[in-house]
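In the two complexes below, chain A is the common chain; its partner is chain B in one and chain C in the other.
Take a look at the complex of A and B:
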């Protein structure tokens, strides 16, 4: 009773859960242009995920897996379905997710191990895989029922069916780590726990055996996606889209939200996007107005490029940006390999290469 | 407007929910509430309402409460206290407070009685001396506070105690003498009990002084100075106002006004009892604050003082009639004072926020799904790159040329956001000069047959620049409409114009509810806030022709010379209005359900019309326009920079005819050269493009057109 009264006053006054405020880019999140200025390693129309074995960069592109030696790519696998996630295993194998519905190991000791599909477990949107040093796999399944391509529908429908599983390639076992997450998108092993990006709640959650889940970092200004370890300790976290006050507002305007889902095509929704400015049919916000031919870089970002560097405790050290007036938006994955940071900007369909030392210097300047 | 309803009826299968929403917003005028709240008289309206309620409740509760005799008695008291409230009002408006009024009242009452009863002075001498005495008492406060800059609260609190002590000393000595020596003066009795036409003398005097006070505060320099000092003492000082002297004089006036009250009281009751004036400061302060005179200074009026006085007196008399003890009386007054002070502070602090929140009142606006503009849609709407080769004139040298026009000598004119009319000289348009400086934001332009350049100026009205570069105001107001709460006689956003052969100038005013920079808020409302106005150059009169248009924009006289075409930006339509001929007074739709927001309209060389679309519709906005509640909450909760705006980053130029056929469109899809197009003129085979957010004028060669076409010559004949 009291709870519902509080909710009502919150809604009337725009407080609590009804607040549409968005954290600002401040301190270590101070904006820069590092991602926008990055060298383009390759342009790939269907790239989905990045991985590294410490020597080479691996890219899931359409149904293929590419391996890069320097700037030269080589197709090493071709599957029957699009690859939505990829991870390198310590034994030299590769784990991939096919169409988000199956997880498959190729190469290494457990070549051919499969989960999902016709098995006892049903996946829908496997969007990230990570391998531990002892050979276990962690996968995130974004939502029950919606494929990876339909993340926007899941967000705007207030989806909360994300799951995390631990897979054992040695015996094929599956263990459920978490379920009911507001979109699980990205996972990594950290200090004996599984850190998971719970995108629609703007936070990283640590799941540890026999412990209750704990937020590592919350109140992010964007929707977090994949995580990967950084060489000097700590992690790389990408935010594939950012929060804006208008979207936060629409998420709380249920009648408008539902009519929009029903009556408007997804690419024209008031919703975050991997890229923007393609057509005048996209919604425009006040600050997007071009003045004297210039659009403000600090305008509310319908799309944006953001990579966050975390330390071992999940605190933000610094961040790399491509701002609203840039192109390299929708960064869904970032991995570190041989002193370079590789990022996949789905908004511009590019693989970006950032020399680490230089990137860190300009980000901290 | 019937035709807009026709457009709405064209919406495929309007759902019941939409229909109910439409009815709700068609018949309930949401925008009126904000307009009323924004009025300045609202601050007096609230106390007046309270007064009426109090009077009604008490007259219901107490028999004969509002009888003539009772009213006359109330009138006497109201007069006496009213003078003191006026004095308090002055002091409060100048930013101070006078707590010593109760003691001053007692002392001046004593002074009058002493002069009349004990010294037996004539009335004509006693009154001026009492007034001077009051002035001196006030001057003590005034000098301490005004000149020596002591705190008003503390100073008057101390004079309250000192004056009271003085009064008690004096009454101890003379109370019996006063009680014993009634003066034999008809004049004195007349002051106390006299009536004209059943109304006590004191009321007439009060009325006279109140009117003088009103004139002083609202019409005379000293009054403005008082308000200015109360509003901001430092600014008043910096602008050269004699702050100290004015403040001092306010306290002196408070003393004099209190003395007037004291004289009337003395003549009526002839008593110097111990409790006279005790607690009077609370009554007076309550009256002032209840009336709406702000404790913070700078705000107040005589009317407010009067209303506050009446409320307080009615309450006191009501309580007395109900035989409540005097202690309760004061308790109630104190409670009311607290409440009124709290409301005063909260209201002053939050009024503009409340008005801001309530003023914007979106309404239901449904459009059918927009026609496709896809490159493969197979209609003239298909997007293309025909504007890409446009060259730039004055790149980086001109900002915000909303409209462009060429004269008969091929010179190019454009407005700028700095308030200039800029001229680029033919033939190469490299040399640029300021043709005239008007101010405001120059928008639509048109030449008349004598080479006068008429310009609509956003924020100012309709202006004219003669060939000698002389700037003249043509008109900045039209007839006020009786149904509008806002004063809509002033022109806020004159937008585009055209001139008929007979010298009638028809021009659009985009909105009467918002200023120019708030154009997007008008789009958020999507109500018919705009109008078309006619200025008659023959008679010099201005009158409104069509009202309730959704951001009327471009205006162009049609081929028959008896009608004009006009664009409604948020309505996404072009309509034709006949001002003469058999169809006089009729409006017809020419283009309906455009995929974008139409702006200026001009003639093309082949007898058709050019029109620009300043921006394009998007599905999310179309949906939001059908959901006014969503937009209302968005306006309140989301900062303006994050609002869903009409997209005016991309637009196009199109050619259409009077039958409503779109013949061709010209786009620049990258938006590199011309992110926005608000106007275009065809001239000798070229099209010139203006854009209100651009830093250039575009120029593009047209194919297969009459390269001798000059709009001026076509319109007014070759010279």
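Take a look at the complex of A and C:
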């Protein structure tokens, strides 16, 4: 009863959970144009994830896995279903997720090991896989019941069914690490714990055996996605879409939100997007965004490109951006390989290559 | 017109003023020529204020004499001084806060029957003639520091004084307001008014004055034409040592690595002053906040420290260490490790009649509220001595009343009062306003030391060289919100001013 009254008061006064506030891009998150200025390695219409074995870049593109040697790609695998996540294993194999419903090991010592599908466990939206040095796999299953392509529906439905599993390729065992997450999208082994991106709660959470979950970093200005280790220690974290006050507002206006889900086509929802500016039918129309041909700096963006460099403690060191008048938006994965940072911008369907030293210098300037 | 042979309009001969056996000024000779702008510079405690107070009739000489137009005079009150044509614009404003601007202007000059409307019209015309944008019907307590200063200046001009003494006139003015002020000073000079100008901003003394007198430890060190001085010489004569490399003179070239985010202000609103303001402050860094007067800097951080409240409805969020906080009074903020060092130390910073040790101990008691059943005099004395030593507060003993200290030392007391609380986030609002160059260097050193120790430090300042020499990050505020952020190496005065104005 008291809780309901407090919630009502908060809603009336716009405070507590009802405060429609968004953290600002300042300090190490200060905006720059590094992602926008990056070299385009390739343009792929169906790229989903990146991985590296330290020597080469691997890209999950549609039903295929591509390996890049320099700027040249070769197809090394072709599957029966789209690959939604990929990871390189220490024994030389790769692990992939097929349609988000199965996890399969290809090559290496445990070639052919498979989880999900018709097995005991059912996956719905496996969107990230990572391998530990001792061969274990961590996978995030974004949502129970909605596929990876329906992330927007999950966000606007206030979904909270994300899960994390640990898979053992040696014996095929599977262990649940966490469940009930507000969209699990990205995982990484860090300091004996599993760091997981909990996208809709804008935070990274550390899960450690026999310990309660602990937020590594919270209050991010975007929705975090995949994590990967950085060569000099620390991690790369991508934020695939940005928080805006408009979306935060809609997420609190439940009757409007429910009607929108029911009656409006998903592409016209007031919701974040991997890219924007393609049609005047978008909720924020071109005329609202531009004046005299110049994008208004105060216009709320629907899409954005952001990669965050974290240190070992999860503190932000610096960040790389494609601002909202740019194209390289919707960055869903970033991996470091041979002194370069490769990023997958799903908004522009491009694989980007950023020389690391130069990117860091530009970002810190 | 200034000539060597014209008799001085105002002269002091072997002027001495003794307070409780200690001379504040000692055998000072000083002369002011007709139509001259004469700058008096010196460290805090050098005797500048005492000397000008003698001229303005606020205090009387212990020995020596004062001459106006060659006649021996001895004004006992400021009104006496005004009658012989000497007006003073005080560093700490002396306006009546509950009266309107127009009422303050004509205070003491009222006719027997006054029509308020007539006064307002007259005041409006007069303020416009000075190009001062101040509403004559506004109540003074609602004005910002800069506008109060303008009213003070206008009042002196209105009294047709032939000598006007300005004590730190530009400390609270924005660059544009300063330009107006200097134009006004030059205009007054053209009209034959002689001006005495006290400023800690040495560039200003070099810019507008004809002659400069330097005081040190209550004695006149030198009086000479402006052209014979440069900044280094002034500083050297003032402090007796070379300080030019230790403060404003040097640009910051390195940036400290930021630690965790200590403070996050999100979409903060407070009446008309703070409009949807968002910013972050990180541990181990000095975050400089620059903006013109009225840009909402002070108000933003006063809301953070619980001194004023944000808007009741949809007022935004403040997160301290990622935890939402909303302080209605300062006490819980102090307990959570937030310290705010005020810009108006006399009004909000300390208890004038309490001792140094007493003031500092109050800071500790504020932090430990409810944890001390009895006040310990011994603890008070020990903490007082510790902080006097650590911050190099120059006083005869820890029991000296705060009011008896010079501005720089008072500021150190205010800072000690906050530091004794061992805060995590320290907000310095105009930390060196009205503080002499020696103390500025010490305060700057302290601010840097705090950041090096890992504290999150915020420095709000209207003085660009101060912001640029201290800050690792510079936030520029305009019209109630942060509009630009610069890292120290990329910032230039032009870039910052452009962001602050446009």
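Annotations for the structure displayed:
Quick note on the criterion: the second predicted complex is superposed on the first by the 358 of 365 C-alpha atoms of A that agree within 3 Å, B and C clash if a C-alpha of one lies under 4 Å from a C-alpha of the other, contacts with A are read in each partner's own complex, and residues count from 1 in each chain.
One rule holds in what follows: a residue touches a chain if its C-beta (ideal position, glycine included) is under 8 Å from a C-beta of that chain, and two chains touch if they have at least 3 such contacts.
Note that the structure is a prediction, hence the values are computed from the model and not measured.
Model built by superposing both complexes on chain A: chain B and chain C clash. When the two complexes are superposed, the chain touching more residues of chain A, out of chain B and chain C, is B.
Looking at the shared chain after the overlay, A:270 reaches chain B, while chain C stays out of its contact range. With both structures placed on the common chain, the touch criterion links A:283 to chain B but leaves chain C unconnected. Once the two complexes are laid over each other on the shared chain, residue contacts for A:20 go to chain B and to chain C alike. When the two complexes are overlaid on their common chain A, residue A:245 makes contact with chain B and with chain C alike. Contact with neither chain B nor chain C is seen for A:189 once the two complexes are overlaid on the shared chain. The superposed model shows chain B running into chain C at a single listed stretch; among 22-30, 184-192 or 238-246 it is 238-246.
Note: residues 14, 20, 245 of chain A belong to the chain B contact set and to the chain C contact set alike, using the contact criterion stated above.
Per the touch definition, chain A reaches chain C in the complex via residues 12-16, 19-24, 26-28, 30, 215, 218-219, 245, 315-316, 364-365. Chain B contributes residues 399, 520, 596, 615-616, 618-621, 623-624, 627, 629-630, 633-634, 637-650, 671, 675-676, 693-695 to its touches with chain A in the complex. Listing the residues of chain A that touch chain B in their complex gives 14, 20, 244-246, 249, 253, 255-256, 259-260, 263-265, 268-270, 280-293, 295, 299-300. Against chain A, the residues of chain C that register as touching in their complex are 258-261, 264, 266-267, 278-280, 282, 312-317, 319, 322, 324, 326, 473, 475, 482, 485, 487, 489-490.
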